[in-house]
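Take a look at the structures below.
Here come two complexes built around subunit A, the first alongside subunit B, the second alongside subunit C.
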Partner chain A sequence: MNQAAPAPKENMGNPVPRIDARLKVTGQAGYSADLPTANMAYGALATSSIAKGSITAVRLEKARKVPGVLDIVSVGDMDGIDKPKFGNTGASSIAPLHDKAIFHDGQIIALVVAETFEAAEEAAALIRADYAEETPSAGFDSRGTEMEPAAGKSPLFKEDVKAGDFDAAYAAAAVKIDEKYSTPTQHHNPIELFSTTAVWQGDQLTVYEPSQNVTGWKAELARQLKIDPANVRIVSPYVGGAFGSKGPMTARTAIVAVAARSVGRPVRCVVSRIQAYGTQTYRAETRHRIRIGANQDGRITAFAHEGWEVTSRPDPYVVGGTSATGRMYDYGSVLTHVSLVHADRNTPGYMRSPPETPYVYALENAMDEMAVALGMDPVEFRRVNEPQKEPIGGKPFSSRSLVKCYDQAAEAFGWSKREAAVGSMRDGDWLVGMGCATAIYPTAAAPCAARVRLTTDGEVRVQCGSHEIGTGVRTVAAQMAAERLGIEMDKVSVEMGDSALPPAPVSGGSISTASVCSAVLKACDAVRAKLFAAAVAEAGPLAGSGNAKLEMSQEKIVADNGKSAKLSDVFKTMQIGAIEEYAEFAPKGSSPEALKKLYAGQSEFHGGDQDKDSVKYAFGAEFVEVRINSHTREIRVPRIVGAFAAGRIMNTRTARSQLMGGMIWGIGQALHEATEIDKRHARYVNRDLQDYLVPVNADVKQLEVILVPEIDHEVNPAGVKGLGELGNVGTAAAVASAVYHATGKRIRDLPIRIDHLIV
Partner chain B sequence: MSETPLASLSRRSFMTGSVSAAAAGPLMATSAKAAAPQPAASAEPRDLSAISLRINKQPYNLALDNRTSLLDALRDHVGLTGTKKGCDHGQCGACTVLVDGKRVLSCLSFAVMNKGHEITTVEGLASADGNLHPMQQAFIDNDAFQCGYCTPGQIMSAIGCINEGHAGSEGDIREYMSGNLCRCAAYPNIVAAIMQAQDETRKA
Partner chain C sequence: MRPFVYERPASVSAAAAIASRFAAEGVPPTEAAAQFIAGGTNLADYMRLGVAQPARLVDLNGLGDRALRQIEVGDDSIRFGALVRMGEAADTGEIKRRCPMLAESLKFAASGQIRNMASLAGNVLQRTRCEYFRETSWPCNKREPGSGCAAMEGFNRQHAVLGTSNACIATYHGDFAQALIALGATVEVEARRGMRKIAFSRLHRLPRDTPNVETELAPDEVITAIEVPLGAWSRRSRYVKIRDRESYAFALASAAVALDMDGDTVSQARIALGGVATVPWRARAAEEALSGKALDDEAAEAAAEAAFAEAKPREHNAFKIPLGKRTLVRALLETRDMKV
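This part shows the complex of A and B:
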């Protein structure tokens, strides 16, 4: 065992290597734009050079003259096609080639199709448009934006949570803070480029595109193209990073399908890195005002969190993280309010830990400020305010191991060695600071179907239309089947990433492991039931063991009376070669239509704060050491420790890797990532991987992930909480806290850069 | 410009300058101009060139648009899609291949510049009997990837890094592997994999 494969503790599965590892290290894993198709033509996009106004003419003449150009689909060429919708599956209601209206910079104005990639790119670069241009509003502080309350504008954000009388409690509080925080615009920037490959065979359309939601896209694409969903198939076997960016379907998918139908050939359009900034979703910038009031003993009596988020003109995209921040601690009274600010921008979308990344950053930075104001140790301050029940609805937590996480992370980090006084831990030229913060993410699951086949020779095939985006979901689904059916991992294969498979929900919101494993578990149990019934039947090899408890192990059915039967012998008595079971899982408390909606491509999440009996969240604690050069103010993070509890851990290897990746994302949130906007033109400026900074290898040194054992039978049958997003939450606040500890400077606007620290 | 040896030209300078020796002569007519053979001195960038490439010890004879990058040649014309496109600008490292044992960003290299050189891609690392290269095995052992998209580039770069003598310490590895972005952020595991595989890689 090495560091990447931690020994499992209680309620944790083995660190089995990824079942697709060999494919990934040999270049054989087929990502969407790798899949071969015959007679392919190449697509390239042209995009708008203004952010607001309308197109008066698109000039295609020069582009058409480029040798090899086959067709150009442009504004007005989407007759007979329905417009995209904003919502469960669609990224935006903006319909770029239907309308002449321009809603944002970088909006698609044409798709060139050519014989070669080079010709398509050359032609697309020659396309110009004439515009009736208006002055755009870029975002916060721009003239012409429209603000509205967010509550009720999105099914994902129903209300501004509150409890008690905040105003009175805050007025009476002995110690209080009132501060503002902000987080910048960010783009997911998965390393795999966005792409669409559309292949028509008669009236059957196959689309190869990296997707976190093949079933949803199938339904939405069929709706836009006005064809039977049965004739549409979305294929996305491997996804080269997603982080939310490949969840919502964008307008491009239907445009490429229309172009492919028009030229009568398969068309592949790989979107350039630059164009992705305007044609995909992103995390919009947010602002926060937080007020906390407490008694001298450190008990919080009043908490208010106001948030502002930017969205596009037409679509009310909202993350609204106050549902989680309002339930984090034992506040006494809570007041929250979220506002949307509509600007001339593309519609934002979910990005890793969508509500919690910005909102918990603000909360936890404020908690650190409050601890300073109280003269308390920040860990102790959180411990004092640990709730028995969440403050909004007075419900218990299904499980909450936050204090254990703090204890274990603090010990591993050496928190006791921290000297509390600001600026007291200097090491030569380096100012040393230590900080901490809480991570929280709601635990949800969604309806999911799976098919499991077991053959007489012990081969297992699992099929589920979920998505391998790097989480290891194929591996944990295989582990679940192997464990339940008593088969070695190397005899289990898993098919995912195809809308022809049993439907699964969107792979977002840390729901995949819980949803997929619960469905696989159910299908496996149905297989077991058939085998067990046959084994103990009169003619079966375990006849007479009807009252015994049966298990499956090493390709045998084992009874607790000491008898066992080979799997192949049970099949022999059944006179069949395979058992195949199809199972549907719906989380407890789902709506009666939840499963029907699954087949229509609509994922109904259930969990978090939705249940009557308890609220469901995963927790963690992160500790960070920063070092700031006293001359250059260069900021380094030499050490980071996170402890997390998230119910059953299916695989300690993949779990650790996801949490590690999340923590490093958190370092990026704290110190690197920001999409800069030219406010005059409402245009993203740093649209590439050179100027949009993400953490690189040299930004990470010592990193430790501690998996804290936790058992939670309430969350779902698999007992899994999910942790893909958890590691990313809180990190930035821990860094900000450490920067304060080192320098005495409280940086409230992310990212924290050298220029913030120059006196 | 016309005297500059082709192999030392970057794709950027090619795109902005005119290169006399760029084309070995158009083979297939894709434009009206190209229908009549052009003297090499005035070759159009979009003309096709006949080139032979040696990739993973196999010869390939190709007719490529002069603007075709080595990356697109590998992916779209040779069918070796293990090498990935992440930015097409030399900023992410996903397209890293070895050219004569040295790591090269294949998106910043024209295919035509690679004539006569030995190109190695991720598909060329495992032995014919299926045994993985030590670096590939180390990436599996240390879970040095999640989505796997940057992985071929990381593995090729890791081998290049060792060949250069820049894998002496974890600090060196972190520094010299920082041109290969991993958005899943498997960095500590990548460093561990390179530490594990470096001795065997030197022998391989």
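This part shows the complex of A and C:
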């Protein structure tokens, strides 16, 4: 096992421990549902047991009789409140308690508020509804679904990318495959449960809720409640796992706020794990058809990727990963098409690398099949098809270190020891297989603001309304300030997770490090500029060094002419105790309204495939060894190696941790994870961590993360490519390829289980 | 969770007396107004889910009798006090050596935390994890007799293929019980009317038309001990558990095998199968198929065929039949090859 704190290589920051590590492991970090507020009442949800139809009556009598019940908010009690909207900040347009219509299993039908959590739960369990029930459509293959082209249905998926004449190229190809793949429904299951705590003080509302988008939620909640956003504050100091699930605000937040106003007390509603399956978002199941044509020498001439995604009846949630798969290799010609299938399900939402996880899984499993069809080594096959420019728009990559990643990962893994023939490797009763796959994730950034204060004592405070969702963004923001201002880390404090702070974009799309660090960098540079000007001024301690290059180090301003001045002396000449600078960062290509939108809670992303000059992606290569018992066919992953290049690495410890977590999740996606659906009733069946399996420690034996040095000045001022969502892309395909190598069975439907291999 | 009365009696007789007061004719222990709790790893979960709704909990952790917490390893038997925790039994060196199957069946179950809480008697009485049983809005003959079975045509990947009925296909998920039934264990129970011994093979009832009646126990009977006979076969014994992940998962299929060998020939095999049946499952047909035979691949496969001859698959669990067979074959061959 490699080290938790890898030594930094070129263009990498130190493996500084998380500044909140001790707080977290000692229980001192206050999460949203921990934050004490006096006079608390407790909420519990009642949810629908059908997936389609309408409520004819909600029976509350028994629940009202439970001692301690204060109020029940149910259908019709949201009059005067605007309905939720589907979009970047809203999870769904489905409006429980506004409407009698039932759109999915587990839809909220009431919120009980009581003196204790136990009373609220007991009462909620006694609520029954009468329904006019209709036969629901569960998803693919169910009757009654509606299918439509996805392009243009969402601002995040404008078009089906294409290039050249696929049909002609595919028809002429010497070697070709045409295969179908699928990925299952998955739920995030963050260990910190979902919760909302609403506290009114007069007309001021404070909501404590784990969130990846406090500024967006402030705007959306104010809109629904029809109050001034200035009167709304969202607080989310720490988040115990989010993975996208805490990005869009769900209908519950406004419901709890309404209940708190109604009972005239703060209300806290912690959602059970079971109820989260229907009241939050999830990764919907996908299907894929991939066609690849190539010459005998392995050069791809034709690539087609068709995708189908399940969504809810009313909302066109689409991930559309073809924009990444269509740019992955030097294809010659590209044809893509994405379709949405509307079913009677809750609206899906972002889940760690939403487009890439399913779409790259399909592509990379197909790439391995193609390598087999060509009789080529899978790594060599990718090398042969490495592009100079992306094939859709002909733009260059701002940087692309995929081949280096393959070289370093293959070396560390010992790929050269792999015997190519299927089923040729064995260790006693265990069949051994090895596979690999590419990871890709678009590099984006969004407008972000930050405030930095430096005092004469060398204390630094960074404030930014971003979110510590476990990634270590507080730590890297502190590192950026410490480095820029020449202050030790232990003198830097970082405040995040509060809509009262300078606004930051949604913590999604792996943009936080780039966006936050770029804003912090800008604020620090403004502090520096003031200090430098004062230092070299006539009365300053470095008077006469106006032409020298100045740096900050060890609480000093250091000139390259050998002179230096203490920070405190510079402050003295300025006759002030602190400098505080507020900075706004907007990525290159931002619209004139981009910053205005930031304050309104809307995040304008730039980068990825959207920029005019180049496309921007981070890449990686993952290698997996599987062992499959020759009798009983259980599949184990004894080794996994990933090499990743993602521009400047701010902190090798937190970067490795993100990538390691992603790869472990990738093992889970390959072998364990799936939300099962009762197809007759369109209801989720395995709604807890007993039946929804994720890898445990025993499933992860040897895991190695290699950070490959890469310099990219084009992506953003911080030179950072996000990597939070890179690690779990491709892993499942590497596992599928290894399973094929061990057994000769190509499994195209995830998760790969004994069921597939035993018969 | 509904409010309930909590009592913590100091003696088995007092516990039995409380349960007896709230027992009603024809009501099985799992539906009784007063129910026993020890580790609580199963019952507390089901109370929170609304599946179990006892009005009164009788906590057995205050019982004074030291024998309830002791493991006695004798020359020809092991006696487990009912309140011994799974973890304690799994970690007892003497058990690992004298009867590996017992220790393995405990070690491969649940998680370290759960094993430290769960009592052995509670463990053998654990109720099914059928998803439709766990969620009260589904029809379920086990939870609400006569309401129907949602699993039969629903998602039934983890469900049973052996011992099923038209009313219920819920799997018995326990591991330890497979070792106990294979080894011919006995449970001792106590009520106000006295003590009795029940052969472990008779403790659990097949679902038939009354899947809600899961055991032979009366609501006021407290299990006090589990006794396992040891013999030549116990050292040559194994528990092989196959699951979706390496740890902390229920068996998709498991096999408890103990072999009494005479050279290469099987004098007697003791075999139980987990993860595939509605109750702890002794595979007598497989045992008979092996009796007096040399244990080679062919004999093992014939035994596995016999074990699953009556298996009935549903839509998602058909894989359990080939998996169950191969698990048994693997367990037989590995047990044969043990160096004892």
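Criterion: the second predicted complex is superposed on the first by the 757 of 759 C-alpha atoms of A that agree within 3 Å, B and C clash if a C-alpha of one lies under 4 Å from a C-alpha of the other, contacts with A are read in each partner's own complex, and residues count from 1 in each chain.
As a convention for this text, contacts are C-beta pairs under 8 Å (C-beta built on N, C-alpha and C of every residue); 3 or more make two chains touch, one makes a residue touch a chain.
Quantities reported herein were computed from a predicted structural model and do not represent experimental measurements.
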**Asked** If you stack the two complexes on chain A, which partner ends up touching A:661: first (subunit B), second (subunit C), both, or neither?
**Response** first
**Request:** Go through the superposed model and pick first if A:3 touches only subunit B, second if only subunit C, both, or neither.
**Result:** first
**Request:** Check the residue A:690 against both partner chains and state whether it touches subunit B (first), subunit C (second), both, or neither.
**Result:** both
**Prompt:** Counting only touches as set out at the top, which of subunit B and subunit C does A:759 meet: first, second, both, neither?
**Reply:** second
**Request:** Would you mind checking which one, subunit B or subunit C, touches more residues on subunit A?
**Result:** B
**Request:** Could you say whether A:470 touches subunit B, subunit C, both of them, or neither, answering first, second, both or neither?
**Result:** first
**Item:** subunit B versus subunit C as contact partner of A:125, first or second or both or neither
**Value:** second
**Prompt:** Is A:672 touching the first partner subunit B, the second partner subunit C, both, or neither of them?
**Reply:** second
**Touching partner for A:636 - first (subunit B), second (subunit C), both, neither** = second
**Request:** Kindly classify A:680 by the partners it touches after superposition: subunit B alone (first), subunit C alone (second), both, or neither?
**Result:** second
**Message:** Identify the residues of subunit A that lie in both the subunit B contact region and the subunit C contact region.
**Reply:** 118, 122, 690, 695-699
**Item:** subunit A-touching residues of subunit B, taken from the complex the two chains share
**Value:** 30-32, 34, 46, 65, 67-68, 72, 75-76, 79-89, 91-92, 94, 121-123, 125-126, 132, 136-137, 139-152, 155, 173-175, 177-192, 196
**Message:** Applying the document's contact rule, which stretches of subunit C touch subunit A when the two form their complex?
**Reply:** 1-3, 50, 129, 131-132, 135, 137, 150, 153-155, 157-158, 240, 242-249, 252-253, 319, 322-323, 326-327, 329-330
**Item:** Interfacial residue positions of subunit A with respect to subunit B in the complex
**Value:** 2-5, 17-18, 20-31, 33-34, 36, 67-68, 115-119, 122, 188-193, 238-243, 270, 272-273, 468-472, 653-654, 656-658, 660-661, 664-665, 668, 688-690, 694-701, 703
**Request:** Could you pull out which subunit A residues touch subunit C in their complex?
**Result:** 49, 118, 121-122, 125, 274, 429, 629, 631-634, 636, 671-672, 676-680, 685-687, 690-691, 693, 695-699, 753-755, 758-759
